[in-house]
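Please read through the structure below; I'll follow up with questions.
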């Protein structure tokens, strides 16, 4: 059973990563910077629990705050460009963060061993969970409390005017501007929120993995971050969750027993999924169908 | 009293002078028609007024304040709303949401706190949007995706979206394009109804019958410059206008 | 969605079925490591060696259990794609089966987090880390087993090996006095091997260090680094990098005409990969390794592994040795082999491994250290005509 | 000073490989306004397939391997088009972005499976030639790569500006709808673009293989990243821009490496990119029409 709890932890962490990209994607921006915010969260939270001896919860709060601040600061210049230019700009930022941690040493002596991040060697022994005797189940519940909180927040935002405005900007920036929407404010706020969520996920990841190094936060992770909401569909937060379940639960773990075929199928099935459902698993159409299924013909919120 | 005033406004694209030293005055409460042949600079004028293009030269004042350098979204909350020549709705949003996101007038900002305006649910806005829906003849369609509406309905929705910002000045960029006679009659009524509520209207249009029927005054553009201004009757009789539209032979 | 749900269910069911096909008395040993990506050969060879060793043990009657009966060894192997996340998932998955011990992983960057989630100290009630013995065959970065008392390694001790290499060079090339290093800076193992091991061992053997050039794992242009190397004009050049960049650097050295008296390579490069990539340029490179088919036993192991479509190298043969070490530990510690006793048996195996001070190995006796590492016999191989040839055998 | 000159020239010559990849990205972007993330991987894949020539006949001359890579690249370009673009509506740019990422992973993994991830020796021409000017040296094989890139650019520009096909391609890239009304078949232009960029990618893969001397799946990610950076710095859709930017980035990173070391090198490349995005968002050669 522990295996499934562990898998659920990983799925939770990746869901946060995917949701962070989801928020930004709603405004029509493809951000490959999410892995960078994730890395910042991971290092900040880990340094606070390991080096400063904080409890994990405030450490995660600080990580999210750092992620949000960085994202906000990056958002202003980066969001001057859009489309492919933004993809590359954010990719460059993400790589920049990774390379920063590649060059980042901050170790202090703890007894006869040194702890803390050490450049390319990474950051070892981030053992808040096992040292405090948390079982796999407890860790899973802890992680999922955050995932559910974030999902609820985004679900609720989607029903607020702010959520509608995010989507309006994603649909047509010119019309949104002409309808009185401050594009810069909306986009920067979205990437700030995304930065906070990604950093929160990163903080949890560091404690899940117990060891982090710059290579874990490369382009592949950034690609996964945007892949989840795109494969899952932008119609709802549940799309991202569905895609994480598909990728981590099915493609990675579910197919493990297929041996070599698993790796070949991984890419092929993503190609196939995009051909069959270019707007993602959950689009507005089947979301309505699901709603009807659960709530009978009545239309949801007015 | 002038609600909107353009003084010597120019906008150049490279070597092309889309509008060139334009003076234009829209008086409070009137319906002003802005006509001119294709490429005469009408749409550029709208884009300069709404702030999508910064003017190359000149000054724009609205309601007594200089707005030459103000951002587009600022101008909307000041009270300038518009529709687009080729409809630009938020296709993936519902009819209801299209109107909801556009409620950005200064009055709305003042009336509700930041949190309730942005984070609040749909209930707070229900009454105002209900009226808009009724006005646009879209009552009962509020949950439809905007992209699923018929062409005429999309035009009406865009019209309503502009009104959702409680504008003082409404810029209509060729609202009759692609409409049949019945729809144009509806549009005529709707424009008059808007004016009844105290909204000033700047109507950019090709459809002369509509312009002549509904406007109080008409301004004519050609090659980026104003060549005539007056009542519809005066304009119809104006020789320069006839020349601009029909060519030099007449 | 329905189809996907069905597929997921089927996939899990298939997994359950394959783990449930228990024969009459059998015990399970699980291997894991990279079977995809650029280090795929590690996993393929490791799995083949484990299967071959299990086959040999089973043919000889299997493992004797506490009640005197015999059990067959069943081996399964999991791909972790050389990523930390999958490594953790895989070890949790293995811990969820009746597997008694895990052999792996192949990548040092997986081993670090993996050992991190294990219980740090045995019997520490406050530590909820996983209690699963892991007996590593490949991941070689120095000092990793220290992370957890459940982690054991049977990988060559690079400290000893390179110490010996430089000592041997002193005698062999007395005129060589200076060393220059080249290091793949962003990969955990190669980086540690240069900065922690090679540098230290070279100076300890009275070599003068002239400098070092750095490059990254997937770099392709080495002109600047090799130019620095050329300027230093050292007698010995030591390259701590994996085959891909090792080959790139060697080719650039050839272009620029850098010909040191002695060329030393990273342990993991003493494989066929280097020969596939740049046999010509690697000619003469000396690498210490813990395996070469130098005796009857080692040759037999190599042949047996080949039957399972794997090739024998220092990594896969460590997996081979692990199987035999585990067999004797299980017999010594009198494990029950019963499904209900899995956790107790795992503990017995851990304690048994911890007690070992020497183990038999293909090249001779391996000694084991306090902090659960091995000190394995080694020999030096040199690239000659597309083959690795043993040039010195300190045994 | 000599060090600087030497580093810069080494880098600029090596930058020719970045330029070749950049051209492919920029061409697809120009015509379809889409990113083909699988391009770098397909190019390397083309080079791998070219190696089959060596497997089939050991004594065959090296240019045949290059030619094999060239053809295989075209084939892969066509396959990428079919799998990632043909059936996905134009209105879903995110879907094609993702499908090409999936394709990248697939091509990588196919390479890994067929070679067990082992680096493969790739033949080069003139790899034993070093031009020497006193202390200063130039790599013969890189000069060849450089010349081939220049020839490819010239060929491509001739194709774009001297043939009917090129005219149609340029028409589609500027006004897709108007071009359709003029009787140009959009799908045909799109598929042709992919085959042409694929052929170019095959050459790029072969040249990269020759420059590095070894093929490995490790090549694909850095090539993709460098190619994208080059595309942006050169100006989206600008072929000459991609070439100049490729050489510029190659030279720049090598000089930075000389002074700041390899661990900081890529950081500065990213800063260079940022500088361009802020001060010259249109790139070196912003294409006519000021497209975004």
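First chain written, first letter: the chains are A, B, C and D, and each begins at residue 1.
In this section, a residue touches a chain if its C-beta (ideal position, glycine included) is under 8 Å from a C-beta of that chain, and two chains touch if they have at least 3 such contacts.
Treat the numbers as computed from the prediction; the structure is a model and nothing was measured.
Taking the mean of C-alpha positions as each chain's centre, the chain lying farthest from the centre of chain D is B.
Innermost chain of the displayed assembly, by C-alpha centre distance to the whole-protein C-alpha centre, is A. Chain D has its Cα centroid 37 Å from the Cα centroid of chain C. Per-chain Cα centroids separate chain A from chain D by 31 Å. Centre-to-centre separation of chain B and chain C, using mean CA positions: 73 Å. Shared interface positions of chain D, defined as residues touching 2 or more other chains, are 109, 112-113, 221, 263. Residue positions 102, 120, 260, 263 of chain A each touch two or more of the other chains.
The multi-chain contact residues of chain B, meaning those touching 2 or more other chains, do not exist; every residue touches at most one other chain. Every pair of chains that touch is listed here: A-B, A-C, A-D, C-D. Of all residues in chain A, those touching chain D in their complex are 25, 30, 77-78, 80-85, 87-89, 91-93, 95-96, 99-100, 102-103, 119-120, 218-220, 223, 226-227, 230-231, 260, 263-264, 266-271, 273-275, 278-279.
Of all residues in chain C, only 36-41, 44, 185-186, 214-221, 223-225, 227, 243-244, 247-248, 251, 254-257, 272-273, 276-279 touch chain D in the complex they form. Partner chain A is touched in their complex by these residues of chain D: 29, 35, 83-84, 87-89, 92, 94-99, 101-110, 112-113, 221, 225, 228-229, 231-232, 236, 263-264, 266-267, 270-271, 273-274, 277-278, 281, 292.
Chain B meets chain A in the complex at residues 50, 52, 71-73, 76-77, 81-82, 84, 88-93, 96-98, 100-105, 117-122, 125-126, 142-143, 145, 161, 164-165. Within the complex, the chain C residues that touch chain A are 1, 4, 7-8, 11-12, 14-15, 18, 35-36, 78-79, 81, 83-86, 88-90, 92-93, 95-96, 109, 112-113, 116-117, 119-120, 125-130, 147, 185-188, 191-192.
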